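The next part holds the structures, each set out as structure tokens.
Heads up, the next two complexes both have subunit A, just with different partners, subunit B and then subunit C.
Right, the complex of A and B next:
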């Protein structure tokens, strides 16, 4: 393991302006050892119910735990801890992952094959899970990646790295759910490449954790690739959720849709920075950004930042960014129908993020996420879809 | 049922209601007519407790209680229903959830048990039949993508499910074609009972061809300036409002 000093990004770095990095200065990044066999029973009890039709892969503090996983002939778990580090502030957490990861979970879906897989990243302390995904031409992968804290005081640190190459006309659906404890720090870096005609749909729900930062780099390297990116972030108390997504259109005819819905209650802060770069060769690119935040606390803060950097004329690009409060007309309508104020507000918050939540891939997962949101949205989450 | 005495109300800095008096006994249907800007919708919103509609003087007694002391949801739970002129769309909250939550909140307020899913669906289907609405509306977001007529039908459907004691229907007839008007009117008529009262706010006589009012009132300049029987509505339709306004001046 490298003895190199740990260098973190700072808020002076442009793409990290909205991130909460304060708690990381004293964080312990060294990974926890592999879990003892005696711990597995307790961990198994904390896992969410299995999702019908999905195989399951469990990583505990980044270590693959075969005893809790489904046997998967197409999944190759290796331990290449010497992964090459990259330069730049945006790569610093990815580099920490490369330095500290306990193995890389390689998922290779062969051409024309299909796989539905749930990856559970369980953290008991510091954890650097790593997923390396390859979809062959025409392959289809439905992946649900969930992060869970499994520690009494919830003060876990997860620093995930996910890399994926999506082959020609392959389809990648990725759902990302965080079930972090109240004191957790959650970091992740995604690096994705889409080949000719490939499609990717990401749906991410961010809640829990004291601070989270999600960093993503997506590149349309093949023509006519398609990307849909849906993120819902719900902050409460003093939580701080920040997401940065950089999409590069390097080939013609590709499309990107970004939809962000953030709710900041209490003194929390939610942020989304969506950067689209359209290169000169990317003729016929279409991009659409819809970034909306709801401020539901007197001291809450929301930052949404759509950025377009375009180097060709043949582009259709639209973007909208709003930060507002609960709609007074909607609220009164619900009150006039006997709904108590707290429930009415919950319902409207639920409605605000429902654009994203409705995209979650399985009814069972939607139910589990709704149940997880019931504490934040009492009276709404578990019943609004009934 | 409803007794309004010397009600003054303003919206922002604008005085809209200016000493309005009105009494609506149980079992009766009253129509409130009047020119644009006379305060009809303000009266409906003020009674329903909409924020921003400030009562500066007067009193409103509803079933012997001080209505103005209640929060909007408490007024609704006590049996007051406002049918909106412009029902809002709430994407992400489906109709069936709203209906069930509203019904159970009202039942809870009355000390009754919540309805179970079977009982609720049986009730809603029966009411939807009255309103000639397709069940597919139940799973859609509240008023989301509904036409103007569908929204008004949905308002009356909610009213039929909630069975309020006092219904305030604010221009329920606006935007309806003649067939939809008949359906909506039929829905309202099914609610008539000796224990309920209905207040219809409308511009036109045509709604009153299908819902026979017991009393008709003309609201102008923030107060009731004339009251009469159903014949008053026909006279207004024939002669307009000028003569009433002139007589009241």
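Right, the complex of A and C next:
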């Protein structure tokens, strides 16, 4: 393990200006040891119900726990020592992960094969889970990655790194859900490469945790690759959720759709920074960003940055961003039909984030997510999906 | 084709074929300080201007602070290193000792220069209806319609005159919107600014004519560091126009200006710019580095500040005309067309800071990139917790013309009040093939068609310009796009 000093990004770094890094100055990054066999029963009892059709892989504090996981021929767990660190402020948490990870979970889906897998990253203290995914040509992977604190009030720290290479005409569907404790710090770095004709769809729901920061780099390296990126962030109390997604279009005919829906209540803060870069070679690229935030607390804050960086004229790029309160006309419409104010507000908030939640892949997962959102969106668990 | 149409076409081709028209040099004797920058230079400029002690001290404080700063590197531009010790910070045409008292005493060569630039310095050109302050390198050489403006109580004079005649107003307002600590270039300007315009509109006065300042860089190895301060007192109204040109040279020259606008309660300031500094040649050799800080503060209730800019010149533009909306119900507007052709680089946009209740702002930005030009819109909309009911609408479109150009959009939206509404929309694309085909099949040449489409793209900004400027802006755009088609 390297003895190099730990250097964290700061709010002076351009892509970190909206992140909450205060709590990290005192954080302990050294990973927790592997769980004792006696702890596993307790942990197993706290895991969400299994999803039909999905194999399960459980990592506790970044350590693979075979006893709680499905045996899979396509999954290898290797132990990387001193994985190559990268430079730049955006790589600092990824470098921490490379330094402290307790093994890399390598998922390789062979060409033309299909796999549906749920990865549960459980944290009892500090953990640095690492996933390395390869999809062969024409392969299909449905992956649900969930992060959860072992106990609801834990001051856990999760610093995940996920790297994926999606082969020619392969399909990768990734759903990411955080079920962190109230005092948790959640960090993650995604690095994705899309080959010729590859498609990727990501749906992420950010809730829980005192502070979260999600950093993603996606590169369209093959022609006519497509990317759909849906993120919903729900902040309450003093929570702080920040997401940064940098998409590079380096090959012709790329398509990217980005959709962010954020709700900030109380004194919380939600932020989204989406950066689309279109290289000179990426002729015929089309990109679209739709970033919307709802402020529903007297001291809530929302920050959005839809950025475009374009180096060719053969491109169609657009973005729209709005920040505001609940639409008064819609609210009046519901109130005039005798719907109580609290229910009406909850309904409208639900509709607001439905653009993202409805994209979650399995009905059982949607129900579990809706149940987790019950406190923030009363009645969510009983609401029908459109 | 009718005779009228033929004449019109010939006019358009005439305009397109002209290239940069204002690249000549006026051969005139001038007095300059030797290149270099230290406290002695700052004191020398202040001494030449016969400034009161408070201003000399202010300059020196700025200079000492500037030495602690480094150039900003966050903009999306590539700047060749600037040797600040190789610039002459003061250059002025040699004049009679006490300077010209009237237009008759102004050097005829200077008047000829402004005639060539189409700037009406002779008051007999009343039809123009615009009062002009002409700034040549580091000094103001003429100001027109002074008497008529004085009758209305309007002060419109060179900054160096204002220092002598209205020091109390300057001491009160100078640096109150853009303090010398603001940024590297504003700080440099605060230390070495040489002239500029000062405008004061008294309470309840509607300025009887448009005011205009025309900036001209002439001397080589110099920079221009002018300062403009406009104060609109309660219930007043003023429309101010700004134009600028420079000779064609292979060297890069620095223009680092500061503009401060102050609008008291119920006052309105409309500030329009057609920026036509020399952009360099098609290979990116020469041209002006235009690093400007412009900011307006709506201090009083119901005040309004409107920025309209057409940026066609400069090798590099770094400029963000902004509004601080402090007064309740105040309004900020920003309308911009920025063109980057050949190797030009523009990083421009605005900041709208909402502090007062029910403040409103509108941003309309049109960026055109051609050749290998790089055009960046950078904007901040910030709603502070006190800005209850604030609203912002931003539209930011980019047009791309050529495989080697770039268009970039970096908006920041920061909202800290739940009653605010902020909307931002943007699009980037090349000229619509359908629109082009429609024009071509009606016998319009490709170049003319592109000019028409570009003018249509910019229409929402041009309509905010005073009429004379709108015509000039359209012509400039056509000239600047020369060679970008095909």
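Assume the second predicted complex is superposed on the first by the 377 of 386 C-alpha atoms of A that agree within 3 Å, B and C clash if a C-alpha of one lies under 4 Å from a C-alpha of the other, contacts with A are read in each partner's own complex, and residues count from 1 in each chain.
In the analysis below, a contact is a pair of C-beta atoms (placed from the backbone, for glycine too) under 8 Å apart; a residue touches a chain by one contact, two chains touch by 3 or more.
Keep in mind the model is a prediction, meaning the values are calculated, not measured.
> Following the overlay on subunit A, give me a clash-or-fit verdict for subunit B and subunit C.
Fit - subunit B and subunit C, as placed by superposing on subunit A, sit side by side.
> So, A:347: does it touch subunit B (first), subunit C (second), both, or neither?
first
> A:313 contacts which: subunit B (first), subunit C (second), both, neither?
It touches subunit C, and subunit B stays clear.
> Vertex at subunit A, arms to subunit B and subunit C: angle between C-alpha centres to the nearest 10°?
Apex at subunit A; the opening toward subunit B and subunit C is 80 degrees.
> So in the superposed three-chain picture, is A:333 touching just subunit B, just subunit C, both, or none of them (first/second/both/neither)?
A:333: touches subunit B, not subunit C.
> If you stack the two complexes on chain A, which partner ends up touching A:323: first (subunit B), second (subunit C), both, or neither?
second
> Examine A:168 and indicate which partner it touches, taking first as subunit B and second as subunit C; both and neither are also allowed.
A:168: touches no partner chain.
> Between subunit B and subunit C, whom does A:297 touch in the aligned arrangement: first, second, both, or neither?
second
> Kindly classify A:14 by the partners it touches after superposition: subunit B alone (first), subunit C alone (second), both, or neither?
After superposition on chain A, A:14 lies in contact with subunit C alone.
> Taking the superposition as given, does A:224 touch the first partner, subunit B, the second, subunit C, both, or neither?
neither
> Once the two structures sit on chain A together, report how near the CA atoms of subunit B get to those of subunit C, whole Å.
For subunit B and subunit C in the superposition, the minimum C-alpha gap reads 15 Å.
> Taking the complex as given, what residues does subunit A use to touch subunit C?
14, 280, 293, 295-325
> Give the list of subunit B residues in touch with subunit A in this complex.
So the residues of subunit B touching subunit A come out as 48-51, 71-73, 75-77, 81-82, 84, 87-88, 90-94, 96-98, 100-102, 105-106, 109, 141-142, 158, 162.
> Show which residues of subunit C lie in contact with subunit A when the two form their complex.
By the definition above, subunit C touches subunit A via 74, 76, 369, 385, 398, 400-430.
> Please output the residues of subunit A touching subunit B within their complex, sorted ascending.
Result: residues 327-330, 332-341, 343-344, 347-348, 350-355, 379, 383-386 of subunit A touch subunit B.
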